[in-house]
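Two complexes, one shared chain (chain A), two partners (chain B, chain C).
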Partner chain A sequence: MLQETIGQERQIQYQNLLNLVGDQRQDTDEDKPLLKASQMRSIINSHRMMQAYREGSRVAYVSEQFPSEIAFAFDMIPWNLESMAIMLAQSVDVDRVFKLTQEHQLSRDICSFLRGPYGMMMENCYPTPDFVLTNTQPCEGLSKVGLISGKGYKAPVLALHAPNSIDEDSLSYLVKQMEHMMSRMEEDLGIEVGPDSLKSVVEYSNQAREYYNKTVQLLRSNSLPDVSRELQEIFGMNYFGVKENARICKVLYEEAMQLAGKETSKRKRVLWIGQVPEESHEILQHMREVVDIVYWAPLWDANMMMLDEKDPLKSIAERAILYHWDAERTKVETSQICEDHEIDGFLIANVWGCRNVMGISQVLRDIANSKKLKHLTISIDLVDRNNYAFNQVKNRVDAFLELLQ
Partner chain B sequence: MITAGIDIGSLSTKCALMDEDQKVIGFDVVLTGGNNKAATEEVYKKALANAKLKRSDVGYVVTTGYGRENIPFADKHVSEITCHALGMHITNPEIRTILEIGGQDSKAIRVNEDGHVDNFHMNDKCAAGCGRFLEVTARAMGVELGELGGISEKSENTVKISSTCTVFAETEIVSLVAVGTAIPDIVKGVHNSIATRATSLLRAVGLSGPLGMSGGVALNSGVVKSVEEALGKEVYIVENPQVRGAIGAASIGQRLV
Partner chain C sequence: MNQEDAVNRAIEDVVDLHRNRFTLLKEAKKPKIGWVTIYTPEEILLAAGVIPFRLTGEVGLNSTEPSAILGNNYCSYVLSCLGEGLAGVYDFADGIIFADACDMRKRLWEAWAREIPSNKSYFLEFPNDASDISKEYFASQLRKLIKILEREYECEITGEALRQSIKVCNESRTLMQRLFKNKKGERLALSGPESIQVVKAASTGMKESFNTKISALIDVLETAEQPPARDRHRVMICGSYFDHSEIIETIEGAGADFVCGDISNGVKYFEGNIDLNSDPVTAIADYYLEKNTSAYRLDTDVRVEHLLDLVEEYQVDSVIYYALKFCDTNLHDFPYVKEKLKEEKIPVLFIEGERNTTNFGGTKTRIQTFLEARMF
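Moving on to the complex of A and B:
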């Protein structure tokens, strides 16, 4: 598609988005001071979002845990379909979006992280992508939404298939796919992305990772719930590969250093497993009154992995495989997280219709049982409020919190 | 000191008064209706009258159930899972697994030798398998809720109620009634359907040790029989099962004062 036409389309899409802005869903902890890193992230996110609607910007729809370094090497703005859904749930009239999906006969049994982006595309609110870049894990459904969106916008869809096990064969299989993906992007864009572009992106990714890892270390022995939340946000944003992200991670580490040791609370620690609601969500607010929440996903080994600057694609491939929820690896990794972070209980949040979390849940419950940790599995909907009642969930959460005390 | 436990459920509100010896000295049950504060006032007054006590005689009030946080005079509110566990434990400390079927949810609770909850599991987003399910299906068959247990005993050719959704089950029952299926056979089918759901919950928490049943649905002998048949295990039915949550709440009050 011609750049002028994309630019015009994006203008309309931006206006559509503004028209869709809805009421704030719930009160936020307004008095709560935000971490500096959180403020920076919010500014950077808004800036990137604005940029994505500009003429001349390169936009790639990406699925969760897609190696953003590839998009950044092409100076592309990654538009994360799943994370965007949760962000939009906070600010746009999602009821209208879901009504539209129902009118198009999309079953409400499908997880709202998939229905949400679908509806947003139907409302023509997302910026037209130049590419759709997906990976088949952790969610094939998401990858399919990517496929459909590529068709809708007539944008090329390039998908990575990450195998489950790590060995030379699987690594080179994935490396070849990435090389193919990149050469196809070069071809379509008519540009050449030299090794230097990837090199500098990987350097920024590692810089961020270094601070990220040090922050995780601090989290182990200190009660830093806001820092834990910010790590979750950084993980969800997945901006590893740009300078700004390295700055956010550095600032977060510095703030964590200052806060460490100050908070002497001996509150119980609950590991939040599964999809994570927006920070002001009532379940989180409710739980935070009693326990510290430690988020599971940001602590995965894959997130700690430094990339090999000499052979970046191979290490990106390794990381992609590590992101796979292999039952055995998950068991070992999560057990270690429990020990490192002195976890007292698991809250497994399963979004209605998400077979991925549902599939791995039993492995996680087994870990909790073997460690004699209390656990609760709740079924919720974090985006479509018509699919969930707080009181019903709260009742279970209260009993769980009582169990922990 | 006398303590009160009030369980404000979706269908009924229960109150129990307890003395220092953990003895229940008065209780009552009223329908919750549309105003749970009014129901709480009413049941509290009735329970006090039954025990010949005044409000000022009560030193501590613990509320539980869905409406637990709405009661301004409560000293503490606790989830009904904790309360039912304790309410059952003080009557029969041998019980290790509890099936509690209330108005809009059902729970399986594993309890330890001190009456503390080890683990629990609840029904998912549908009310099928709960008191509300029985209410809706009784209406669809044109029978009284309290008669269901007796009616199911007359079943000779029990039908299978396949739906796991309350609304779908209602439609299914209406169709069965329309084609002339004997009511006892449908009622027994409904009870079996509840038992199937209940056994899944119980197995999810790990069914071990003696099993007790509390909650209003335990008053329905038909459901109890279906659960026993499904598990091949005897179910201990506590006296006044619908008041167990309130009794547990009052007992928590005694532990706290």
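Moving on to the complex of A and C:
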């Protein structure tokens, strides 16, 4: 599509987005001082959102754990379908969005992280993408949403299929797919992205990762709940590959260093497993009064992986496979997280419609039982509030918190 | 024996393979391996001297235990299969092979490996497209599977053995293609429920026996006097795992014909054939990836094109899109597929169900209303 036309479309889409802003506003911890890293991230997030609606920007819809380095090597703004769903759920009239998906006969049994973007696209308030880049993580539904969005916007859909096993065949299969993806992008855009572009992106990715990992180390022996939350946000934003993200990670590490050791009262630590609500969500507010919440996802091995600067695609491939919630690997990894972070209990958040968290919950409960940790599994919907009420889970959360004390 | 009796007898003969599968499989003096997706290369298992049979979830009626393991909001085919496994239904088998044909079947593999260790479980990577890169990769995975089977059964899976098993499976497919071919105005050789039973018989792994029996059925049908022509509304079913004779009986009871099932218990199972003139492993890999037009295939347009081809080939008047509750890929595809069918002016009815439901009241009325509006 002509850039000019895309630009006009995006202006309309931006207006549509503003029109969709709902009346209800979620409560926020207004008085709570934010970490500097969080403030930076929030500014960068807003900036990239604005940029994505501009004429001339290159936008790629991506799935949650898509290797963003590829998008950045092409100077694209990755529009993360799943994270955007939760971000926008805080400010737009989601009921209207979900009504629209129902009118189109998209089943309500599908996870709302997937129905959300689908509805937003129907409302025509996401920016027209230049590409849709998907992979099979974290679920096949997300690749389907990517695919359908590409068809809707007539944008090329380039997909990666990440196998489950880590061996030479699987790695080289993924590397070939990425090479093919990149050459298709070059062809379509009529540009050549030399190895230097990927190299510098990978360097930024590693710089960020280095600070990220050091921050995770600090989390182990210090009570740093806000830092844990910020790591979750950084993971969700998946902006590895740009300078700004490296700066956020560095600042976060410096702040974590300053905060480390200051909090002396040792509170119980609960590992929050599964999808994470926005920070002001009532469950989190409620739990934070009593325990420290440590988020599971940012601590995965895949998130600690440094990329091999000499052979980046191969290490990106390995990371992609590691992102699968393979039961056996998850077991080993989560057990290690429990030990490293001195976890006292698990909260498993089963998002309505997420077969992956549901399918792996038994493994997680087994780990908790074998380590004699308390655990609670709750059903929750973080985007579609019609599917969830705090009252329904509050009593169980309270009982769990009591057990922990 | 009159003609009608001879036909019925021949049909029963084929269907008995499915009905008596557990007894027959237990009696067979060969190792047995179960499978849960029609994209499992049965040819390779046969070449290893193994009987590859399908898990149908038919007798896994108790979902409490499987739901506790995998979750309530799970595909009921997957839960039923797990239920069967937990109940020891497949204790006679050496193992089960799980190909990566949807997220929930992947979780089924993991649960099986944990909960039913007496059955070995194999996992086969299965790409969701048919690019050259994917074909090459899938072929490498098949070679890996061959090595595992060779070690396990102390055998050598030669090119000749593979060609032989391809021949046997090609024959099954060709025979089914012949049996299921039908045109507007013709009276169907089999009733809808019978046609499903025949495909299920084909997937019990007893290929040679199936080929003999189905050949006999075709012979009887071809020599019998052709029944008078009848022109009925022609219905196709597509979607998730489907095995509901009640739904088909409702279609037929309403005066329509079930002419084609774009489902794993229908044409999807026996479409195409494997090229016998190329390297067997490459040919098997190419066949299964190209044949995959299920909702697992990422590009829904491939599925839609295939669906429209079938609509044309079988002169379909309307489509019933059947999704098992919580079958995400089919649920995701539906709005898009519906739009594409609408563009071609093909009416479609969406039905959601469970693997082993008994309560069909509402569904029955919806089907009747849908068909009546189009037939009269």
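To be clear about the criterion, the second predicted complex is superposed on the first by the 403 of 405 C-alpha atoms of A that agree within 3 Å, B and C clash if a C-alpha of one lies under 4 Å from a C-alpha of the other, contacts with A are read in each partner's own complex, and residues count from 1 in each chain.
As a convention for this text, a contact is a pair of C-beta atoms (placed from the backbone, for glycine too) under 8 Å apart; a residue touches a chain by one contact, two chains touch by 3 or more.
Every value quoted in this text rests on a predicted model; they were computed, and no experiment measured them.
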* Go through the superposed model and pick first if A:184 touches only chain B, second if only chain C, both, or neither. => neither
* Mind telling me which of the two, chain B or chain C, contacts the most residues of chain A? => C
* To do: Please indicate which partner A:392 is in contact with in the superposed arrangement: first for chain B, second for chain C, both, or neither.
  => first
* To do: Return first, second, both or neither, reflecting whether A:361 touches chain B, chain C, both chains, or no partner chain.
  => second
* If you stack the two complexes on chain A, which partner ends up touching A:403: first (chain B), second (chain C), both, or neither? -> first
* Look at A:99 in the shared chain and tell me whether it touches chain B only, chain C only, both, or neither; answer first, second, both or neither. => neither
* Contacts on chain A seen with chain B and repeated with chain C across the two complexes -> 352
* Mind listing the chain C positions that touch chain A in their complex? => 68-71, 73-75, 100, 102-104, 106-107, 110-111, 113-114, 123, 125, 127-129, 131, 133-134, 136-137, 140-141, 144, 296, 298-301, 323, 325-326, 328-329, 331-336, 338, 350, 352
* Structure fact -> Within their complex, chain A touches chain C through residues 104-107, 109-110, 114, 134, 136, 139-141, 143-145, 147-148, 151, 157, 159, 161, 163-165, 169-170, 173, 176-177, 180, 326-328, 350, 352-353, 355-356, 358-363
* What does chain B use to touch chain A in their complex? -> 66, 78-82, 105, 117, 119-120, 122, 124-125
* How about chain A: which of its residues touch chain B in the complex? -> 352, 374, 379, 391-392, 395-396, 398-399, 402-403
